[in-house]
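Two complexes come next, and they have one chain in common, chain A, joined by chain B in the first and chain C in the second.
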Partner chain A sequence: MKAWNQMAIVIHQVQARVPVTIMQLHGELDASHYLDVIAQARELYAAGTRHLLLDLSDLSFMASSGLVALHSIALIMRGREPPDPEHGRKASPPRAKGVEGGLVANCKILNPQPPVSWALEVSGFKAFLEVCADLETALASF
Partner chain B sequence: MAPQNVPPLEVPLHRLVKRQEAAALLAEFGTLLPGGHLALIGADGRVYAGSAEWKRAELQRWQPQAGEGQSTCAGGVVFQPVFVQSRYVGALVARAEGDASPGPLVERTLRCLQTSLTLLLHQALETRDVVSETLARYREINLLYRIGETIGHCLEAEEIPRLVLGEVHRIIEADVGAVIMLAVPVTGTSEGVRSIAASFGADETVCVLHEASRAAMERACDTGQPIIVDLTCFPQPVDTGLGTVLCAPIKTPEHTLGALVLGRFREQPEFTAGDGKLVMALAHQAAISLETARLHQEEVQQQRLAEELEIGRTIQLSLLPASCPVVSGWEFAATYRPARQVGGDLYDFIQLPTDVLIRDEPGLLGMVIADVTGKGIPAALFMAFSRTVIRSEAMNGRSPATIMQRTNRLIVQDMRYRLFLSAFYAALDTRSGHLTYANGGHNWPLWYQADGNATRWLAAPGCVLGAFEEVEPEERAVAIGPGDVLVFYTDGVTEARNPEGGLFGEERLKATVEAHADASAQELQEAILAAVEEFTDGTSLSDDLTLFVVKRQA
Partner chain C sequence: MGEPSYLHIAADLKNLATIRRFVEGVARRGNGNPQAITDVLIATNEAATNVILHGYQGQPGVIEVEVAYDQDALVVYLRDRAPRFDPTSTPALDVRLPLEQRPLGGMGVHMMRQLADELIYRTTDDGRNELVLVKKGVRESR
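== the complex of A and B ==
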């Protein structure tokens, strides 16, 4: 593993209007780590997390595999099993169809850095995952 | 006949010293007792060497006293006990000629003889110990050789515990045994999920052994040495009669893999240090074999992966255009640089249906660039599927936005592929330069405008294809003027890294294009590739790099 693509995940629990789990991603998200992020989200959901805030404020880079992770997390938070990202063959029909104008209600993104925000913009993910600029706004939006 | 509370020697006298040697020694010393009778009797009271005239009844009257080297005299007979390693071996007995009481000469003669005989016996014991040790080492080496032949060639990790335990059971007596493996090898300690990989003995006893050996296994794995535990010293939830447990760790220098555990019932002899040493040797061999099997499995998997990637690459390359379009007034250049793993990049040129054909050249040209998430054969197959869908939609005369929408819908409906696709589709009217385009979540192409010497991005809101049920890409249009350049690329270009981890980025791409805007499409493409190569400075590509340049001639 090269020195620049390190990544760490830190979990916090916050009580807003509802209990919110904050998953902070530190470093870079690429093909080396995206499966770990998905696994962590799966664990959180299994443990009872129903409102997830992805804090990307300390994520300096996100490759296309990061989009796969976000997509899978959105499905997980909707109680659906995401596809196998590595092999892509599953019979279930999980697709993250947004609610309330296209956005996934219980999974949001917090304060992405410009390169990551750009990737979300270009990929169209901002139309499905709400991006909040600050923590207070994010928590209030759940 | 042996003194009380003095344990007899483990090996009978006749196994230590040949009768001829003892008789010769007695004969020589016997010359010092003219007319006397000298004999050596064993601990069992039998005459071992010397005169046969001694009667058992005479000999049985004598009881040796405690204390080595103390001779006693009874009825005119001198008894000189012989001790070796503090154990009673036998006695030298002597009687003087006639009925004369034995004098100091007899006693001194016996003591000298006893000293010589003791020395002889010590040497014999040492030789016996060396032979025994050598034999034990030979058996050990033979066992290890056989183990190496049996287990060393086994590359099935699931079989090795059974083979090892079978060999252990052949060599060392035990009432129950098991090979306990950790689910995931851990560094240093024995923490982790344990499972029984092989066992012998009654099931309930094996279970008890498994639980009872937990602490012993931890200690053995920590120290790297075998450990023998007396279970009778600890209360057991279920009494299965187990007495001692022998536990030897199975570990490599880096990881603890598990442990080999044996148990004996209370009435059986305890395990010895020698047993522990032998079991440890087998555990060590098991660790080597398991590590070899693991490495072999990894190699096989890597080989399969490499074959899969090669197949994927073959599929991918077969779907890329063999050449660029040839259109008057336009230049095209395209390149694809694969990374170590197949990444699923796609570009395509599609001659679109039009009422007007200009010298058999495409009047309306569809251009696609796309990037599939994922690697290997699944990504390659998905790319092939997506290319076909886009081509089909384009050939049916759909607009760029409709092509993106319908492609997304078909991918989602098909549901076999769970991968994403970012794609950018543009339709170019080669007569007018009118460009209509729509974006499916792909990197925005660069557009250099000769008139104004400005560079801008072909921005268009859209979403990656295959991730969401419905997408609504915006369709946009621009006019490509003479001297203008379009650069389509995948993120393999902008996310190429230098040794410090920095990204090539959109701004460097833009600067390179602006610096070579007057060059031909081919030259500009080469300049971009050269800039990326210079930036990466030998760092290998982590993703496929795809790039094509379209230039309207001035």
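== the complex of A and C ==
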């Protein structure tokens, strides 16, 4: 039987009020790809990215492993090292003073499709990842 | 109960998309509504991911997926021969926790509970694990 597990990551750099890196996810994000997404974000942060926009407009499906990826990316963008998702899926990240709660100011989501938006809703992720409806608004928000 | 459709497939993360396509095909042929089908696809994906990661734990194995309509409800059965893993027994997740206090894992079972109307775990007469996902109101009137 044919396999459909296709996903692509495309990176763009945009100069807004601050430099913004746009990470576009295309296809379907499940447990077969989520580590690639975390690795890409970690690489971007190490290379100097401090404002990250996750463009989910062409992501048609996201499983809970995709949420693990978003959670890990949010921590990375706060300068934290997330637990290894392969070995610490049940572990809470270590607490750090002054960074708990609220939206992550330097990491946002652009235009998720309804199934992905629904996953963000039921998981409570919209409490810490701001969702922007269009690119212009998203870039202006950094 | 309508005529069931079956898929036997290797327990491999690369096959998650194939499982989703199989369930989606059966659901659409039965004239299911798109939002309810999306819920079933997410829940089934999470159940299959748990079998692969927590049941077989990377060891070779097979997942049997059975899908059938029962009046307006879509019923998905997942069966496997992995060591016993009952996702319905895991504690509820608090999705209101802030980013730094949330565990990375546990979201899959949370999503299954949110998206399925019934979630039943049992052992079959021949010793297999069986998880039954029931989503009501899937079939639209013709």
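Methods note: the second predicted complex is superposed on the first by the 126 of 142 C-alpha atoms of A that agree within 3 Å, B and C clash if a C-alpha of one lies under 4 Å from a C-alpha of the other, contacts with A are read in each partner's own complex, and residues count from 1 in each chain.
What we mean here is this: a contact is a pair of C-beta atoms (placed from the backbone, for glycine too) under 8 Å apart; a residue touches a chain by one contact, two chains touch by 3 or more.
Just so we're clear, the structure is a prediction, and the values are computed from it rather than from any experiment.
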item	value
First, second, both or neither for A:F142, with chain B first and chain C second	neither
Partner chain(s) touched by A:S123 [first = chain B, second = chain C, both, neither]	both
Of chain B and chain C, the chain that contacts the larger number of chain A residues	C
First, second, both or neither for A:S65, with chain B first and chain C second	both
Intersection of the chain A residues that touch chain B with those that touch chain C	2-5, 30-31, 61, 63-65, 67-68, 71, 82-83, 85, 88-91, 93, 95-96, 115, 122-124, 127-128
Sites on chain A touched by chain B in the complex	2-5, 30-31, 61, 63-65, 67-68, 71, 82-91, 93, 95-98, 115, 122-125, 127-128
Chain A-facing residues of chain B, complex	371, 373-375, 378, 382, 412, 415-420, 422, 439-444, 461-464, 467-471, 491, 495, 497, 500-501, 503, 542-543
Residues of chain A defined as touching chain C within the complex	1-6, 28, 30-32, 61, 63-65, 67-68, 71-72, 74-75, 78, 80, 82-83, 85, 88-93, 95-96, 99-102, 104, 114-115, 118-119, 122-124, 127-128
Residues of chain C that touch chain A when the two form their complex	9, 13-18, 20-21, 35, 38, 41-42, 45-46, 49, 52-53, 95-108, 110-111, 114-115
